[in-house]
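Just below sit the structures, each encoded as C-alpha cells.
Look for chain A in each of the two complexes below; its partner is chain B in the first and chain C in the second.
The block that comes next holds the complex of A and B.
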C-alpha cells in the first residue's frame, strides 16, 4: 500500500515539475502584467498573453550571432531551465514525501537548492558572454555584480532557520528541508519571531533581485543597455529564459514559504503564496531602477548587517 | 502548425522602434501608443529593446545615404518572419525631402514594407489601424 502511495506521489511530483510549474509561472506572469497595467491605469493584456508570447518565440527563427560560441550560447537556457526543474522536484518531493516519512529529503539538500538557484544567473552570464555582443557583456558584468551582492544576505537569511533547528534538534535535521518543515509543524513557523521577520524581509528583496524585477532589473535595463544579457537571444532560447523566469516566479515564493512560513502542506499556503506575489509585484511597480553600485551597497551594507543581526538573534533564541 | 505560428504572431507582435533620421515627431507618437490612453499591450504588443526580439519594425524618417546601411543591417538582424511598418509620410514616400541630394528613396526600394501609415506625424489611432491591417494580412 505504502509503496503505491509513494509511487503516486512520485508521479504527482514529476507532473508538477514538468507541466504545472511552467504553466503556473506563465499564468503568474500574466497576473504580474495585468496588475502592473491596472496600477498604471491601463487595461492590460488578455490572460493567454504569456502563452502566445512563448508559442510565437518557439515557432520563430533562432538567430545565432556570427562569432558566438554556438554550443554554449544555445545550452545556457537549457541549463537554467533544468536547474529550475530540479528545484521544483526537490521542493515538491520534500513536501509530498513528508507525509510518508521524514527521510524523503536528503541531508544537505538546502545547500544543493542554494547552488541550483545560483545556476540561473550563471547561465545568464555564460549565455550573454558567449553571444559576443558588447551590450550583453555589460549586462553579464552587471548580473555578476548583482549576484555577488544578493548572495551574502540570502545565505545569512537561510542560516536563521538552520540555527534555530540546530539549537533544538541536531545538524542532521537542520540541513534538510524535511527537517525544517517538521520543526515548523511542531513549534510554529520561523516567521513569527524577530529573527524570522528580518530573514523574511531579506528574502523578499532577494526574490526581487533574483527575478530581475524593477528596483534590481539592472542586468537587463531596457532603456540603457537594450535588455542587456538577453540582447542577442531570439526564438526558442529566448523562450527558454522566459520560462525559467516564470518558473522562478513560482519556486522562489514556495521556497520562502518552505523555509520560514510553515511549508506548502496546507491550504493556507495558497494565501501566503499570493501575499508574497502581490508584495513582489507592488514593489516592482512603485520603485525606480537602482544603479548597480547602489544595489550592491544596499545588499552588502544594509541587508548584510541586518542578516548578521538576525543570525545573532536566532542564536540568542529570539 | 502554420496556423499556430500565425496565431502567435498576431497575438503577440513585439515591436522594435527603428528611428532612421526622423525629426522625432513620429517617434514621440509611437511612444504615445504605450501610454494608458491607447495601451497597445491590450493586443500583446510590447516595445522591445533589441531587434532580435522583434516581430515588427516600426521605421520612421526619411532614409538617407548614412542611415541606409544601418537600416538594412537591423532588418537582417531581425529573426524572420518580421513585419516592416513605415510610419509617417517621410518613410512612405520621402515627403518634402523627395528632391534632396541625400534622400535615397522610400523604404520599399530596399526592404519589403507591409503597411504604410502616412501623416506628419500620423495619429496613434492610424498607427493601431495600420498594425492591425498588417497583422490581418498574414
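The block that comes next holds the complex of A and C.
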C-alpha cells in the first residue's frame, strides 16, 4: 500500500469520524433528555431536538463581549472540538485497523488520549477566562478545581490495566491501546477482576464529571452562576461546546469499554455502551449537585485512595 | 481601594432571577468563591395594592389582595376579611371558619410542595423538582373541584366564605390527601436520608435563634431557627383552636432545618384538614354585613411563609380609607444578609431560596433623596396621572400623526 493510498484513507476516515461521532452524540443527548423527562413525569423532546438546537445556534449571531480576548475566546471551542475529533479517530482506528492496525497503534497513545481529554476542560477554562465575565471567572475556577480533582483518580484507574499488561507482557504493549485490546482478547477483560471493578467505578464517576452532569455540573451550575463557563458564549461557538459535549458522551463510554471491558470489536459492545449510558443518566437524575470543595474531597480522599488500592491489587495480580 | 478589597468582585443574581423568575437583585460581593457581603435590592415591581384598595368596596377588596401573590392567594384575602370583620365587629359562622381552615391548609400543602420542588431544582436535583410539583397537582385539583379555580380561589368574603364544601366532595378530598400524604412521606424519606442532600444542606446558611429574633423573621424560617411562633396557635382564627395539631420547631437554623420544618408541616396540615372535614359543622356559610362602622381592624394569619398582617381603617362608608399590608417575605428576605455571609456562592444561591421568598408579596416603593422622603403617596399619584396624560398627548401627536401605528 502506497503512502498516498493510506493518506487518502486517513482523510476519508477522519471526515467520517468527525461527522458520525457528533451525530451519534447528539442522538445520545436526546436519549438522555428523553429518559430524564420520562423519569421526571415529563413528555420529553422529539428526537431531532438536539439537532434543531445546534442548527438554531449556528444561525444565531455570535456576540463577543466587549473587552474579551477575541481570538482566544473564539478559538477555545475549536480546540475542544478538534481534540475530541482526534480522540475519536484514535479510538476507532485502534479497533478497526483502518490505517493503523492493532499491532502498530503507536507507543504511548494512551498518554496522548489522556492529554486530549484534558484539553476540553482547559478550553473551557481558557474560553471562560477570556470572556472577562465575573460569573464565568467563578465557573473557570470551579472547572479548574474539578479538573484537578478528577484527574488524579482517573490516572490511577488507567494505571490498573497498564500494570496488568506490564506484568504479563512488556511496557511497549502496555502503553498502547492496541496492546490493551490484544491482552483483553487473550486473557479476558480487566473489568472481571477486583482491581478492574474498582477502576471501572472510578472511571464512571470521572465520566460524569468530564461530561459536566449532576452531581458534578458545578462549573456550569445554572442555578448558582447561570451556566458559568458558558455564560458569555452564543451562536456558533456555543454550538461548538455543545457538540464537544455530545462527542464526549459517545467517546468516554467507548474509552472505558476499550480500556477495561474488552474493546468495541464485537456486537456486545453496544450493550456495554448502553449500560454505561444508562448508569450515567441514572446518576444524573438521582443526585443533587455537590459543592466544589465537596467534589474535590470526594475525588481526592475517597476515589484517590480507592485508586491506589486498585493499583496495588493489580500489582498483586487480583 | 485597599489590598483587602482588591480581590473582591460582584456576582449578580438578578435583577431578573434566572430561576425564580421574579424581579429582585442580589449583589453578592465575593472573594473567589466566598461571599463576604450581600446587598439586597427590591422594588422592581411596584403594583400599588395599598393605594388601589381604598378605591374599592369592601366586597371587592378580597379580590384585589388575592392577586398580591399567586401562591399564597388565600392568606391575603383571609387576613383582609379578618380585618374587615374585626372592624365591623362580627363573627363568621362556624362552618365558614372550618372551610377557611381547610382551604388555608390545602394552600400550605401546595405552597410547601412547590418550595420543596424549587429547592431540589436549586441544588440541581431536578427529579425532586418534577415529582414534588406533580404531587402538588392533586391539591390544585381539589381546589378546582371546590372553587372552580386552581389558584385565586376567591373563597373568602367579609362575613364568611363564597364556596361551600359539598358532602360529595369530602371523599374525594380525603382520597387526594391520602395520596399526597403517602407521596410526601416518600419524598421526605428520599430527601432527608440522601447523604448528598444532607452534605449540601446541613450547616449551610445558619440563622441562629438570636439573629432570627433580631431580624424579625417569620414562619418556617423562624421555626427552623428555634423561634416558636405561629399565628395559627398564638392568635387563633378560623378553626385552628378546634382541631388538634402541632407547631413544628427545629433549633438548627440551617437550610436543612428549614426544609425539614416545611416537609413536616405538610403532615400537620393534612392532620388539620382531616380534623376539619370530620368535624365540619352544619349551618350557613356566611352572615350578612349591613354596615361597617367607623374604626379600625386588624387581621393576622399564618401564610405558608409566615405571618400576613392586614390593617383596615373605616370611616363608615363602603370603602376602607386605609389598607396596610405586611407580607412575611418582607421580613424574611432581609435576614439573608446574615445567613449568606461567609458561605460560598453555591450555598448563597440556596440560602437565598431557603426563606421561600415571594417577591410579588414584598414589593413596595418609596423615593428618598438625601435621607428625606421625596414624594408622598399623593404626589406619586399625581406624577403618574401626569405621566399618563403626557403619554396620551404624546401618542396623539407623534404616533398617529406620523402614521406609525396604522
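Things to note:
Definition applied: the second predicted complex is superposed on the first by the 297 of 318 C-alpha atoms of A that agree within 3 Å, B and C clash if a C-alpha of one lies under 4 Å from a C-alpha of the other, contacts with A are read in each partner's own complex, and residues count from 1 in each chain.
The working rule: contacts are C-beta pairs under 8 Å (C-beta built on N, C-alpha and C of every residue); 3 or more make two chains touch, one makes a residue touch a chain.
Worth saying up front: this structure is predicted, and the values here are computed from it rather than measured.
Once chain A of one complex is fitted onto chain A of the other, the partner contacts of A:215 are limited to chain C, with no touch recorded for chain B. After overlaying the two complexes on the shared chain, residue contacts for A:265 are found with neither chain B nor chain C. Of the two partner chains, chain C is the only one touched by A:39; chain B is not.
In the superposition on chain A, A:230 makes contact with chain B only, while chain C stays out of contact range.
In the superposition on chain A, A:137 makes contact with chain C only, while chain B stays out of contact range. Contact with chain C, but none with chain B, is seen for A:287 once the two complexes are overlaid on the shared chain. In the superposition on chain A, A:60 makes contact with chain B only, not with chain C. Applying the stated touch rule to the two superposed structures, the overlap between the chain B and chain C interfaces on chain A comprises residues 40-42, 222-223, 225-226.
Contact residues of chain B toward chain A in the complex are 1, 4-5, 7-9, 11-12, 14, 36, 39, 41-44, 48-50, 52-53, 55, 77, 79-81.
Residues 9-12, 18-19, 30, 32-33, 120-131, 134, 194, 196-197, 199-200, 344-349 of chain C are the ones touching chain A in the complex.
Against chain C, in their complex, chain A makes its touches with residues 36, 39-42, 134-135, 137-138, 141-142, 214-215, 217-218, 221-226, 285-294. Interface residues of chain A facing chain B in the complex, by the touch rule stated above, are 33, 37, 40-46, 48-49, 52-53, 55-56, 59-63, 222-223, 225-227, 230-235, 238.
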